Structures are given as C-alpha cells and as structure tokens.
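Structures given as structure tokens follow.
Shared between the two complexes below is chain A, which has chain B as its partner in the first and chain C in the second.
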Partner chain A sequence: MRPTVKKMSSIALVGTIIAGLFAGCGTSDSKANNAGQVGSGDGGKQEKVVVDMWSIWDSSNSNGKYLFDAAKQFNEANPGIEVVVSGQGGYDGVAEKLEAALVAKKTPVIAQIEESFLTRYHPVAADLSQYMSKEAIDNYIEGLTRSSYVDGIFKAAPMNRSTPILYLNADLLKAAGLPAEGPKTWDELYEFAKKAAQPNKEIYGFASHWDSDAWFWESAVYSYGGEIVSEDGSKVEFGNEKGWKIVELWQNMVKEKAMFSPYGSQDSQSDLVKQKFMEGKAAMMLDSTGSLGPLLKESQPFDLQVAFQPAGEKNSMVTGGANMIILDSATEEQKKAAGKFFEFLASDDFVVSFFKNSGYFPITKSSLETEAIQALYKEFPQYKVGIDQLQYAHKRPWQKNWRAMYTTIVEDLRLALIDTNQDPKQLIQKAAEKSQQIMDENK
Partner chain B sequence: MQENIPAKQLHDKKGGPTLMKPGRMLPRALNKVLQNPYVLIAPAVILVSIFSLYPILFAVKVSFMNWDVVTGEQSFAGFNNYRSIFADPDSMQVLKNTLIYAFFTVCFGLIFALMIGILLQKSTFLTNLVQSVIFTPHIVSFVSVTIMWMWLLDPQMGIVNYVLKMFGFEPQLWMMSPKTSLLSIMIVSIWKGLGFSAMIVIAGLQSIPSYIYEAAKLDRSGRWSTLFRITIPLLSPTLFFLLITSTIGAFSSFDVVNLMTGGGPQGSSNLIVHWIYQIGFLKFQLGKAMAASVLFLILIGFISLLNFMFFSKKVHY
Partner chain C sequence: MKLAIRILRSMLMIALMLIFIFPFFWMISTSLKTYIESIQFPPAMLPKSLQFSNYVEAWVRVKFFHFGLNSIIVTVLTMAGQLFVCVPAAYAFARKKFALSGFFFALVLVDLMLPAQVTFVPIYVLLSDFGWIDTYQGLIIPFTYSSFAIFFMTQAFKQINNELLDAAKLDKATELKIMIRIMLPIAKPYIITVMLFTAIGKWNDYFWTLILTNSESVRTLPIAVKGLLDVGDGVNQWNISMAGNVLLMAPILVLYLFANRFIKNAFVYGGIK
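And now, the complex of A and B:
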C-alpha cells in the first residue's frame, strides 16, 4: 500500500488532534500541581506556599464565614503562606470528594472531616505532632481529642465540636410544677414530658429527632451503658436492650402526644424542632450545643436554660462535629504551613470569637481562662453547662464503615417514630444485623 | 476527482442536495483531508473513546480487583466481587424495585403521553397553551421538581394528603413508608417525563397525513377503530423511540431516588444505579460497585435487545 497525500494528511490531522488533546490535559495538570505546591505572590518576588483546605462550609455559610476570615487574617500575618479554603458540601461532600481525590492523587493539604471519618482516612493523615508544637496539642480540651488519636499518634485537630444537650423552657416546667433544673435521667424526662405537655394548647413536653447520622440515638445508647461497636471495631454491639430502650421511650412519648417528632418529608427536622421550642410550644428539646449561640442571640419570650443530656445508667454523651487532618501526601513545606494554620485556629483570639459567634465549643484549655469567656459565663451561665458536660464525652464509633452503617440505622429509627406500631426491638436488631453485614463485607 | 464535477451536478441522482463543494473556500490540501470520512468522525471517536470506552474498560478491570483507595492497596479478586453481588440480599430487592419502577413508569408514561397527545394535537390557542404548560416540567431541573413534590407529598403538611382527606381517603405516609415510597418516586418520574413524551407524540401525530383520516372517515371508521388501526400503527416509530429512551431512562434513574428517599425506608425505593452509588461512595467497595456496573450494562443491553426483537417488527416505517 502506497501512502498517498490524502492518507498522510489525514493521519497527520488525526495525530495533531490527539496530540492537542493530550497536550491540553498535560498543561492543565502541571498547572494544578504547581498551584498545589508553590505559587508566586507579590508579583513573583516571593514564592508562596499554597495550602488548599477543603472545608465542610463555603463562605456563604455563617460558620464558614469565620473560617474564611481566619484564613485571610492568617495569610496577611504570614506573607510566605497562602491558605485557600474551599467549601466541598458538608461532611459527606468532603468525604466523597476526598475519595475521588485519592484515586486521582490530587488531594488537598488540609481536610475538615467529620470526627468519626478519621477511622477511614487515618492511613493518609499526617502525624500532627511533627507539625504542631507539643504545647498547642496539649492545650486542646481532653474530652475533644478522644477521637484524634490513632495508635497513640495525634492525627486530627479539633475544629468545630459539640455534644447533645438538653434545652429547657424553665417557664413551662415551672408552670407544670416541675423543677426548673430539668430531668436527670431519661425516665425522668418521660415523666416531665407527660406532665408538661398540654395537647389542647398544642404544647409538647419534649421535642427532638434522631439527627441525620443517628447522633442523638447514639448518644442515648452510650448513656444506657451500651456501645455501637466493640473496642476493636469488629462487632456490632447495639442489637440489645441498650440499643432499643431509647427508641421505645421516644415511641411511647410520641404515642402519648408528649413528644414532638417531625417526620415530614423535608430534611429540616432540626429546624422544625428548634422552631417548636423557640415558639414556646415544647418544654424541653434535645439538640446540639452548637445551637446555643444562635438560640441565645434570638430574643426568647421565656427563660431558656440548659441541662446535661439525661442519663440512662450513667452520664455519657457523644461528641460530634469536625476535626482537621493534614494529608501526608503534601510537601513538607505545605505540612509545616498547615500546622501553623492549625495553631492559629487554636489561638485564644480565634477560639473565643468562634465560640461566641457559633456556639461550638471553645476547643482549648487556655481559652477557658480568658476574661472574654469568663465574662460570657457570667452573662450566660448556660454556656458553662456544655463545657462541664465534656468530662463525660464519648467518641463516635471507631469503625471505618460507620457512614454506611448510620445511613441504614437512621432509616429504621425514623420508621419507629413514623409508625409507632413498629416493634423497636425488631427494628434495632435488624439494623444491627445489617450493620454487621456492612462491616463484614468491608473489613 | 470531485473537483472536476461541474457546479450544476452538485445534486445526487435522486435530486437531493450533496455537500457543497468546499474547494473554492479552503486550500486544496486541507480540502482533500476534509474529504476523508475518518478525519470527519475522528473528533467524535476520540471523545467517545476517552469519555465512554476508557471508563467502561476501566470499570471491567476494577471489577476483578479489591481496591482500597485510601491505602492504595490493590489485589486481584477474581470473580469475588461478582459473587458477592449475587449473594447480597439487597441485590434482588433493588433489581425487583427497578423492574417494577421501569415497567410502571414506562407503561403509564407512554399511555398518558398518548392520551395527552391525542387530546392536544389540534393547534388552537388553548391547546398550544396547555402544551407549553405540560412541557414545563421537562425543562425544570429534577432537583426543583423533587423539592416541590416533597412538599406536595409531605405526610403532615402536604396538599396531596389534604385532598385525600377531603374526599374521605386515608392519608398516606408516601416516601416515609416502605409500602408507598416506590410509588411516590414513580409518580414524580412519570409527571416529570410526561411533557417531553407528549410533545414527541404530538409531533408524531401531526406527521400523519390528514388524507388518511379523511379516507377512514369516508369508510365510516369509528373513533376507536381509527385510533387502533390508523393512529397507533402510524405512530409506532414514535412510540418505539419513546419506549427505548424511556426504558433506558427508567433503568438509569438516580436523582429522583437520591433526592426523595435515599433508597429507603429499608431499601424499599432503592434502584440499581443508586445502589451502585451507595456501594461505591457509602460503603467504599469500588470493586463491587464496578462489578455491579458491568452487570447493569449487560442488563440494559439485554433489555434493549429484547425491545428491539419484540417491538421493532411491529413498528411501521
């Protein structure tokens, strides 16, 4: 076969297109890599270390705004570093994008991940003690770092952290002849709710929901002395009385119209519960300490108090929220810069202002001693209850499949409150079997 | 050589127009290159290879592997991923759900589209207006449509339950109950797809020559016999097109499940594609997810083949 001009030219053209395509990809790749490592700032005079941070919030989020502002302040104070924060769509969004980034080998330097997700991502997380000072690490409140260690190595720095807490409408409780300090146990809560409820006025004794990741249920299970998974993370341990007791209790309260549990099709249960409470239509509410700041800022027509989450057999409640990890694949300069940024986020100034604005915990011991926080305690003693409760903190399940597990558990929990004829024992046992199957499939 | 063809011969033998002679516009060498069909299809072939063929081959490869993306560990798994799909009790449930969902959304989608098409085929101001209104859901994103329906079907505040109660029916839990969750997503899917299907049916109906109806009228053909002996047979290519596209669409439904029910409660509304997504991104079992994708590809191919075998003969062209 003789090569003709026609054939040659067509081959040449096809070749050019392919080369162009690959060249295009190649160029953008190298640019992306450069952006991840060093960028030139100040008109090229000084090389900056660029640190990408993937956050659960974007800048339009009220809490995200504080983080973005913090990065800006940090960048101004550190001309050689540029922290670039970007929102990735909540806890699940960060997790999903991190998976894709690990496949593509294009990970960020910092990722803000839900507390329990460290069980999955610890193999790629750097040892933070290499990049942060010992003083800074020791300064974190102990209850909040229980889920930061893997095999004794500090891998996740606390960021926005919270626990469940019981909110009280002291006026409604007093009107029902109940002590304003609220109930101490779940059984007491049941009795309080029945007495405080006034169905004719559409007032409920108690309002809550399971939360999208079964957080409140999980916390109650710990308070009954139960566990979600065994210490080594190999066995499900909630398929028993400790797992279903709270489900049975809430179901009874819903049946007796003492509890408001919105199970509407919208994913806004949290807002509906808070709304009911703030309207003075619920005497008690179980919610995150993270709501305290915004709720106290709102003007309430009643005396808003808080109490420890009720105990089952003991005081024990889950912590929640997000920690930050540094990806080990980043360059040494980036990791050092990221460590510096973590220390900035743990500085008293930032911790206090973030606490006051968001309601999330002050994460360091030294911040608790500051005048600003002491003054805040005086004005709003409610803030102190959450901190005092931290001595009973329990970390989230140490299981890398926890996300898949709670997705199925929460469906059964919801069903229990939607259809109160469902047997809570059967539902929980079924959820436990399903969870065990998920764990066994992906060891 | 084409350059020697006189301009007046730029029509083929049947009189249809051929490509305009580009010689005058472009340099001769480029002109020659562009006449090569392989060059013309090259961009499409390259894009399909990169964005479709490569991912499929990659999926087949990974389906035989265990792959932990966090640690980067990869190992050959043989047919283990395929075996675990057949052993998984969820797989039969999602297959059953998907078949029920596809059957009812396609059947009712086509029947309603045909009914609406026939009612609206005359071009008057009112029918044109109704056509536009019915078409609207097609151009609105699935996210908006779903959010709207979630309000309508809300068990406590939704208008659908309000209407049911008004007429003395029992209010339903809709997507909150395992009994009605699949029905809820079917209602939304049919409603969303109806406008597009109806529009295609109307276009098909309008292409049927009016003299055939006039002849039928002269032969005293009744309304039903005209529908079944003239309209539907002559509309069969359109209906066949809709059958194939809506079947594939129904099998690959994802957004409606993800947004409305997340596959629950208790997996009652989980469909195959959403289940694959859950295996991959919730349980992080990439090998198993890829194996499920490969099986799904074979299933879709098989169903399309069945459609072609059974219905293409009945299609009048």
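And now, the complex of A and C:
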C-alpha cells in the first residue's frame, strides 16, 4: 500500500503545483497582457495608461539599464502612465518580432528600431508632431534626424545614435613622424597607414571591417559622393567607381600589410579590430562613436585621439544606432503618453547622463550647452569630434529591403578582403545587380 | 602489444577529454579576467589576478533571482508535462495497435525533422490568438509534446520483453498499472535521459522564449544572459558575459552529475540490444 500512497500523493502534489501556477500566472501576466491597452491601476483607483516599449536592449545590457531606469523615473513622476520597457534581442530581434507582431496585429506602443528600418515601418508609424511639442522636435540635433522624416512628417525620434570616426593611436603616429591629428582623406589615410605600419613588429597602420550591415562601406560610399539607392528608392546607384573605390583602397592596404583585416577568422570582426587597436598593434581604426565611452574608460596605455572619418570627394558619412517610433495602432491616450516619454528621454538630464554613461551621442542641441557636457569636453575633447562631424551626416538608404540588400552586399565585401586578388569592380557590380534584383522582386 | 594499445587508447581518451573540457576551462578562465585580458591576443590562458567582481556584476545585471525562478518554473513544469503527455503516447505507439497508428507515428517523425524556423510564425499567430504570448502557459504547454521524447521512449518501450507484459495481463493488471508499475521502472534510464535532455533544452532555450514573450515577467535566464553582450555598436565585455554563462550553466552541470549514471545506462543498454 505504502508506495501507492506515496505515488498518489506526489502526483497530487505536482498537480496542485501546476494548477496553482497557472492560476497564479493569470495575475502575474496581467500586466504584460495589459501592455498595449489601457490597464487599471493599483486597486482600480486610477486608470493607468500602459505603454509597452520594445527595446533593442535587455535590462541586463550595460546601456539598456539606463533606459529601464529612465522608464522607472518617468513612471514615478507620471502616476497616470506606466511605461513597460522590454528587450527583444537586439536590432534584428526587434525587427523580427515586429514582423510577427504586425501579422498577429499585436504590436507594442513604442518600438526602438535601427535608423534605416524606418523605410520598412513608416506606414505603421505615427506622426510624432501630434504627440510631441514642436520645441522638443526642433531641439534634436539636425544631423541625427535626416532619416526621421517621411514626406515631411517627423516619424522617428533619435535615441541611441552614433557615427563612424577615426580612432588614432597618437603615440604610434608620432613615432612614425606623422601629425597626431590624423589623415583628412582616404588617400592620406593610405599614406599614413603605410608609414605607421611596422610589419616586423606586427604593427599595422590601420584596422577596420565593413560591419555586419556594411555600415562603414556605406559611409565611405557617401564620402566619395556616391549613393546606395536613388532618391525614390527604386534604383541601385552604387554599381560604379564610387561604390568600389574604398574596396580597392582597403584591398591595397591589406596587400601591403598596412591594414589589418579581421576577415578569414571566425571571431567577431568588430572585437578583433578593437583588440588590435587597444593593444597598440594598429595606429588607426575606423569604428563607431559608440565605442568611445567604454574605450576611454579603460586604462589607456597610449594617447587615444579621434578624427573625422576621412573624406573621399567630400566629408559625408553615415549615422547609425536606433530611433524610436510610435505605432499608429495604439490608442490616442497611449500615443500621447508615449510622446511624453520621448520628451522625457530628450530632457537635458537624461541626454547628458546617457551620453556620459554609454558613449552614444547627446541627441539634443540644448544638452550640448549644459555645464556637464562642457566640462566633459574639457576633460575629454575626443567626445566633441563626433558631434562636430554630424553636420556632414547623410540620409540612410530609402529602401524597405535594405536589410536583405546589405546581407548580400556584405558577403561580397567580405570576399574582397579575404581574397584581395578579387576584382573590386566586378564584386561591387555583382552586389549592385543582386541588390537591384532584391528590390525588383519585393516591391 | 596489449600494453601499447592500452596506452594508445588512454592517450586518445585524454586528448578527447581535453577537447571537451577546454571550452569550459576557457569560459571559466575568461570569466575571471579583466576586459583587456579578455580581448588580448595571443590570449592569456589564465588571468593575472582573479576578478570575482565579474560574477557580482553579472549576477546583479542579470537579476538572477527573477529570471532564475522563471527558468526553474518553466523547466520543471515542461518536464512534468512531458511525462504526462509523452510517456502514454510512446507506450501506445510501442505496444498498441490502433487505427492510423503508423500515420501518426510518421507525423511525429516528420515533426522531428522540421526546423523550428519553419513553424515559428504560424505557432506565434496561433498562441497569440489564444492570448498565450507572454504567459507561462505559452512557454510550457506547447512543449509538453516533444517528438524526440516520444520517439526515444517508443524505442525504449519496444525493447521490453513481451513475456513480462503477458504475465501482467494474466494477472489482470490495467493498462495504467502496466505502464506505471512495469514499463516505467524498466525504462527508467531512458526516461531520465529524455528528461535531462528536456531540462537542458528548456533551460538553455533562447529562440522560443524570445519569440513567445515580450516582457520580462515570464522570461528566463538565457535571454537575460544574452543581454550582457552588446547589441553590435559598442564594446562586448566577454569577461562579464562569460561569468553570466558560468552562472547559467552551473545548475545543469550539477543536474548532469546526478543523472550521469542513468544516461550512460540508457546508451549502453540501447547499444547492446
């Protein structure tokens, strides 16, 4: 008898736990289920507007923490609103989940999307000027909003933004008899890299990669006066000299051992490049301003300086990072609450602290005037370079299939640096044809 | 000659062991390094001084209590659910003849071969219609069915001697009794092995948890640990990330040490048969 009783009681126990949990999860989930609707507040005393925001960061992410803290502060200051931030697994994660959510018609109120993804999501994004004050919108640094407008309507508010800059190991440059300010053009960069390289000591003049979305290549194309797609987004425009010049230049540098190429290794290219630079094994590195904060925080074994991204025909470069959109499907109350949260995220206090902690740009004009930022400029003048460069920011490719396009472009770019004997003209021509095909097949 | 073979075999075993152990060693070693040490090349095998603070940072950033509790709830209930669903199913497939049993078993096999990426959008839409997105139900109930568990246990049940069952039937034992009193104890190593695979799979599951949840309320540890890495435009702190991974892996390692004996049994037993 005994074993049976024991067995029966353990089955009953498991059953009770399961039943209890499912009954319990009804309450613990109610908050999440309400997200996206007007939920009832504590004890039903006050109606709370629940605004769920899909973020590229989880709360455990070092930068995400600041956004989650901001939502908490905002909620405390606005008892009628509850902003619920949740991470969705990075830039691609948010995009993929948004696709599924649009099919299921269960979208969040706010989505933090990569800057260039607005081309895909603008039909479902609300006009932000209806929910934010004109002053707040005008206060954003102009260079950061070049990809925020659709037919003159402001649809994406800057959040964590960055741009490529040239990082310099001033000690290595000086040792090679070069000016510590760094090169101004890509041709100068070539000369600098050749002089600074010391192959016998495994020191390279320059280190970089294309980035997983061909970001640095896109940026260089703009600097050569090129475009990725036509103004209306119907034609590919990079299948020419402006598209392949940078590829040829980098191939030459790699061949001459003046440039470190991280391709051919399975590791994260971005990490390999930073690693070379931080170890003093590369005199220059093209990387995002997003790395500046963390790199300056590390103890520097050398004099770390920064310069504008080199110019081709002109100074012009890409911006990146994420903007925020409000989904039009949300209720009017939610959209108003979301607009208020955007204004909070654009307040001087938040912008300054986020900039200091993360290394992403201060996104507003007024924040640049604050004492805190002026003091930071004095201590680390490096921070100012990226911001000054923003005047040359270029709009991102206006093509809803850009993500599919760069996935194939970056394959050819990668090949160019793995096998430097590949003809850059042919590779870029091929990438352009494939991109055009993607656009034509997915109109 | 025999000695030479034994030495050779031992050397091979040691080499294999090193290959398996090295990733764990590397994870633990990196978790105790400074950031600069973690990206150094050529890499340092051991940290200069042990940075236990990495673990504190990972623990705090990942909110281990909250996500860990969710992980335990989801893993334990999925395992319990699979026992209720997959054991009877496997028993039926192995021992019963019923209409279209071959067809249904073929369906299980087809499901075993389909990658999740093919089915995730329809599943998401279905669960969304049920209102199960971002709930424990959504993370548990669909996973109480497992084609792998059914297939594996069907094979196990098929190997059990017919005489035993005939004897039980002569004693007028009910189906439930036969399954619980005879089949389960004999197939114990298999069941424990399947459960361990389920536990590891569910504990480490990133894909489905990310797809089926939107908020932190029911999310599990892998999502939070992944969050320790940068999203692609900053600096990856591999040392902190590895500390998070050690913490994520530790419970599974402990579980494995306990269940190790049964797993070996299941594979050796299956192999002889």
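Keep in mind that, in the parts below, the second predicted complex is superposed on the first by the 404 of 443 C-alpha atoms of A that agree within 3 Å, B and C clash if a C-alpha of one lies under 4 Å from a C-alpha of the other, contacts with A are read in each partner's own complex, and residues count from 1 in each chain.
To be clear about the criterion, contacts are C-beta pairs under 8 Å (C-beta built on N, C-alpha and C of every residue); 3 or more make two chains touch, one makes a residue touch a chain.
Fair warning: this is a prediction, and the values are worked out from it, not measured in the lab.
Answer with first, second, both or neither: which of chain B and chain C does A:383 touch in the superposed model?
Neither partner.
One more residue to check, A:206. First (chain B), second (chain C), both or neither?
In the superposed model, A:206 contacts neither chain B nor chain C.
Pick one for A:354: touches chain B only (first), chain C only (second), both, or neither.
In the superposition, A:354 touches no partner, neither chain B nor chain C.
May I ask you to decide whether A:238 touches chain B, chain C, both, or neither, giving the answer as first, second, both or neither?
neither
Determine, under the contact definition given at the top, whether A:407 touches first (chain B), second (chain C), both, or neither.
First partner only, chain B.
Where does A:103 make contact in the superposed view: on chain B (first), on chain C (second), on both, or on neither?
A:103 contacts both chain B and chain C.
With both structures superposed, pick whichever of chain B and chain C touches the larger number of chain A residues.
C
Kindly classify A:56 by the partners it touches after superposition: chain B alone (first), chain C alone (second), both, or neither?
Second partner only, chain C.
By the touch definition at the top of the document, which applies to A:89: first (chain B), second (chain C), both, or neither?
second
Between chain B and chain C, which residues of chain A are contacted by each of them?
7, 14, 17-18, 21, 103.
Can you tell me which positions in chain A touch chain C when the two form their complex?
7, 14, 17-18, 21-22, 25, 28-29, 31-33, 35, 52, 54, 56-65, 84, 86-91, 93, 97, 100, 103-104, 106, 108, 162, 212, 268, 270-272, 274-276, 278-279, 288, 290-291, 294-295, 298-299, 320-321, 358-359
So in the complex, the part of chain A that touches chain B is made up of which residues?
5-7, 9-10, 13-14, 17-18, 21, 96, 99, 102-103, 120-121, 123-124, 262-266, 400-401, 403-404, 407, 411-412, 414-415, 418-419, 438, 441-442
Which residues of chain B touch chain A in their complex?
By the definition above, chain B touches chain A via 29, 32-33, 35-36, 38-39, 42-43, 46, 50, 69-72, 84, 150-151, 153-158, 173-178, 260, 262, 264-266, 278, 281-285, 288.
Could you please specify the touching residues of chain C with respect to chain A in the complex?
Its residues touching chain A are 35-36, 39-41, 61-63, 73, 77, 80-81, 120-121, 124-125, 128-129, 131, 133-137, 180, 210-211, 214-218, 223-238, 244.
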